[in-house]
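We just call them A, B, C and D in the order they show up, numbering each chain from 1.
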């Protein structure tokens, strides 16, 4: 195995580790929020530092490969994608952290009624599935895992588009829950952003696999 | 390292070192011995041992050179005036001439009275010159023993006569041999240079691979044939051919020597010149061709200029081989020691002279010394040649190192 | 075709013709000697001494004499030449001493053979009082062969890649061990070729033996190294130039020339065959 | 308009099939890099254009090679005329052992141009074009061998330019030079591209990437891929190309 192959494998492993860590973070943030468990929430806050460290390491290692191994073709595309995926995954990690922060300071589990009307659980489910699928696509270098992502994004966009209206209705119905509802709104926003980041990752993965630049084009047409 | 091993290595190194000095030692020994024997020629008078030259007391010529002596006895000089003396015609007297001057009774049966008669004769004959064994010179000699000048270097080199065994005085002028050597060598180069260069160029530039693999061994074979065989071939084929072709009395000529030597110098020239041509980097040729030069232009404008020093080395080495060659020349050039400037006349080279005459000389005699002196001249020729090769090589190295 | 091409064609054709002449010369000389000499060759010619004023009989003593001289000279020249070649190439750094030794070797190689003869006569025959003998002749020929042996040994050593030496040193071998175990075995075939070539040169030389060993006529075989011998090249010279009856000695001369040429050429051919074999072997590796 | 085109070329050395049915078209004012492992035929391919392969006795070829709409291998055309139209720069700088001036003038002289004014003007122009003029204008009589390696190579380029070729072939022109000299040569190639069409053999993929517009990948005598350089280095069409340029070869 050549030096560059080793380095690239190492890079991939590191990114996968970070990725699965972020997947856990998101799951724990969800759990803490829905079950009102500040301990789990605190765990997420602590682990956030690990995510940041991963990001720095992967950035540095990518630079090294670029500088020292002069990658071309698939190697070059890989490193370029890793750099961008790294950034996106880290941002998702940030969101999980932010959600955990909300859960940490909450007085208890989020009331069922609010969850119901904001579709938060479905949104969590969608975002986490997307995260997992993109992970699978990268790990197995299999673009088939990416196909469903672009359809799923709509499931995050729609609640987000309706969020302002939904939340303001809920506030006028239950003014005493205003704080909690505002938190819910910010979480909705974050989950929607998470979806966007995952789509960015998917685009990078497509660039890596096929060298097709799908950014800013009508994604769905290209993919399906 | 153990002590035994260290000593062993010291010994081996010592042996290697001493072996390496043997060549230098030999060269030095050669120089020493050539000069030791050769220098004797200039230290002794060339007359035979125990013989003296004497003249009348009236004679004013102080000393006499061997050339003058030879001229006197050859009757080329007949009056002392020609040597700056008085106007007396020269009368030669050697043992062989006695009967013309003295009667047998006058001399006595065993020449007992000869010294006394001689005194009388010398007194009365101012123009006499005697060449006699010392034993006949009376104690109260009325004449004067005239010293003979030693041979000078100039006489030796530019003397036109080589009569090493003539009496009373041998003559050692090597000019004929120098001329002969230079002419034969020049002729050989004249023949070998165009053919050698053409062959070298043909082999390295024009001929295909297959032809080259045939020609190269052929040229090497040419180098391997012993010189005496070349001489023999020249003698039985070339000499009669030249004789018939030019209608000469003898076919043994400078020309025959030149051709035979030329053939012998060919392989050296071809091999060295071909190496030189081949050493021209392929990329230089390609660069020239790529600029639209023809092969001929590339050859003359790039390859040959690049190989210039190697080619000069080839020519000089070929010359060296020709100058020093002995047997072949000895057999085909006719062995004439007369000065000759024509290619169709016989001549003799320095090495051939040594080879032809050394066997007849006595150890330590003047003739023996003269041949060694001749060898010194030859040796100097070759040293000059070797040094010029060295100089060219070094200059070439410098040029290449700069590149 | 334009002038440039035409000129090239003409010049190249002239060069080709001239080199053809060179090859033709060799063929003519060899052909002549073989053609004329083959008739004289017989078993008797090769195995008996000359008789009847060298018009009859053979050249056996001359063959033996040449053999003695070759062997004698090689006994001197081989060890000295090889050792000094090793010393110059393996031991000496590029300094003035090495340059001096090289120059001396080149000078010695350039000395005309007749000067070797004179030197041999002055040193061995007269000064050391060996007299005209195999000893004096062999030493003279040995000195003549010395620069050839040295130079060819050096060439052979030069052909040994430096990497081998460095590899050996790197394993802790000393200089002598490296030379003995690594350098010499690799260089040996090439050195051998050189030695054979120098034998070829020595066996054809006439001038150096003229005054040191060669006998005009000596029908018996030598008994010790202080004997004179006949030698093939000198015998040919004698037959060609000073026979009592030129007409009758000619066939003997042709025969002698053929034998001499054959011996020298066989030696040279075997050297070049050996070299070719080595080259082939090296190529395969 | 300068065109160089190769159509269905096969080359053999004895029994070795060195180029297999290669067709390629070169655009004017571009630099095309030929890459591939040693012995893949790229140098043979390069030398088709000025018939340098003819020097090898066992060389045999079929197919057509066109330079400037002339068939290079047609019987009517003279070989030195072809070579004059095609400049060549070699792996190692190989100036002739002559003065700097005479090196550049060589191509003119062998082609029968000896007019002093013309020669001087051409030498100066070529040296300027090869960015060497300022360094050597005062020492034109000096031996070319005294120049540094990079200068020598630029001199060789000037030498090639002097005969006003249409097409310039470069056989690893910077492989024996230090990085600074290499950079200067590369800059020079970039400048020359404006006037000439350049075909370049290189083992240095970064170099191919830096200076060529198009890249052709050869493997075992076959043209595997011919593409825009950027495309070939980012996303080659052929997996063999990818394996070669990423170093996963074998």
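Throughout what follows, contacts are C-beta pairs under 8 Å (C-beta built on N, C-alpha and C of every residue); 3 or more make two chains touch, one makes a residue touch a chain.
Being a predicted model, the structure only gives us computed values, none of them experimental.
> For subunit A and subunit B, which third chains touch each of them?
D
> Could you set subunit D aside, keep the rest fixed, and say what connected groups are left?
A | B, C
> By mean C-alpha position, what chain is farthest away from subunit C?
Measuring from the centre of subunit C, the most distant chain centre belongs to A.
> How many Å are there between the centre of subunit C and the centre of subunit D, using C-alpha atoms for each centre?
Those two chain centres are 51 Å apart.
> Between subunit B and subunit D, what is the gap in Å from one C-alpha centre to the other?
59
> In angstrom, rounded to a whole number, how far apart do the mean CA points of subunit A and subunit C lie?
Chain centroid spacing, subunit A to subunit C, equals 90 Å.
> Which subunit A residues touch at least two other chains?
none
> Find every residue in subunit B that makes contact with two or more other chains and list them.
294, 297 - these are the residues of subunit B that touch more than one other chain.
> Any chance you could list the residues of subunit D touching two or more other chains?
80 - these are the residues of subunit D that touch more than one other chain.
> Name the touching chain pairs, please: which are they?
A-D, B-C, B-D, C-D
> For subunit D, which residues are in contact with subunit B within the complex?
50, 52, 55, 57, 80-81, 83-84, 86-88, 90-92, 94, 96-98, 106-107, 109-111, 143, 145-146, 156, 159-160, 163, 169
> In their complex, what parts of subunit C are in touch with subunit D?
2, 4-5
> Taking the complex as given, what residues does subunit A use to touch subunit D?
2, 4-5, 70-77, 210-211
> Within their complex, state which residues of subunit D touch subunit A.
205-206, 209, 233-236, 241-242, 245-248
> Under the touch definition given earlier, write down the residues of subunit D that touch subunit C in their complex.
78, 80, 112
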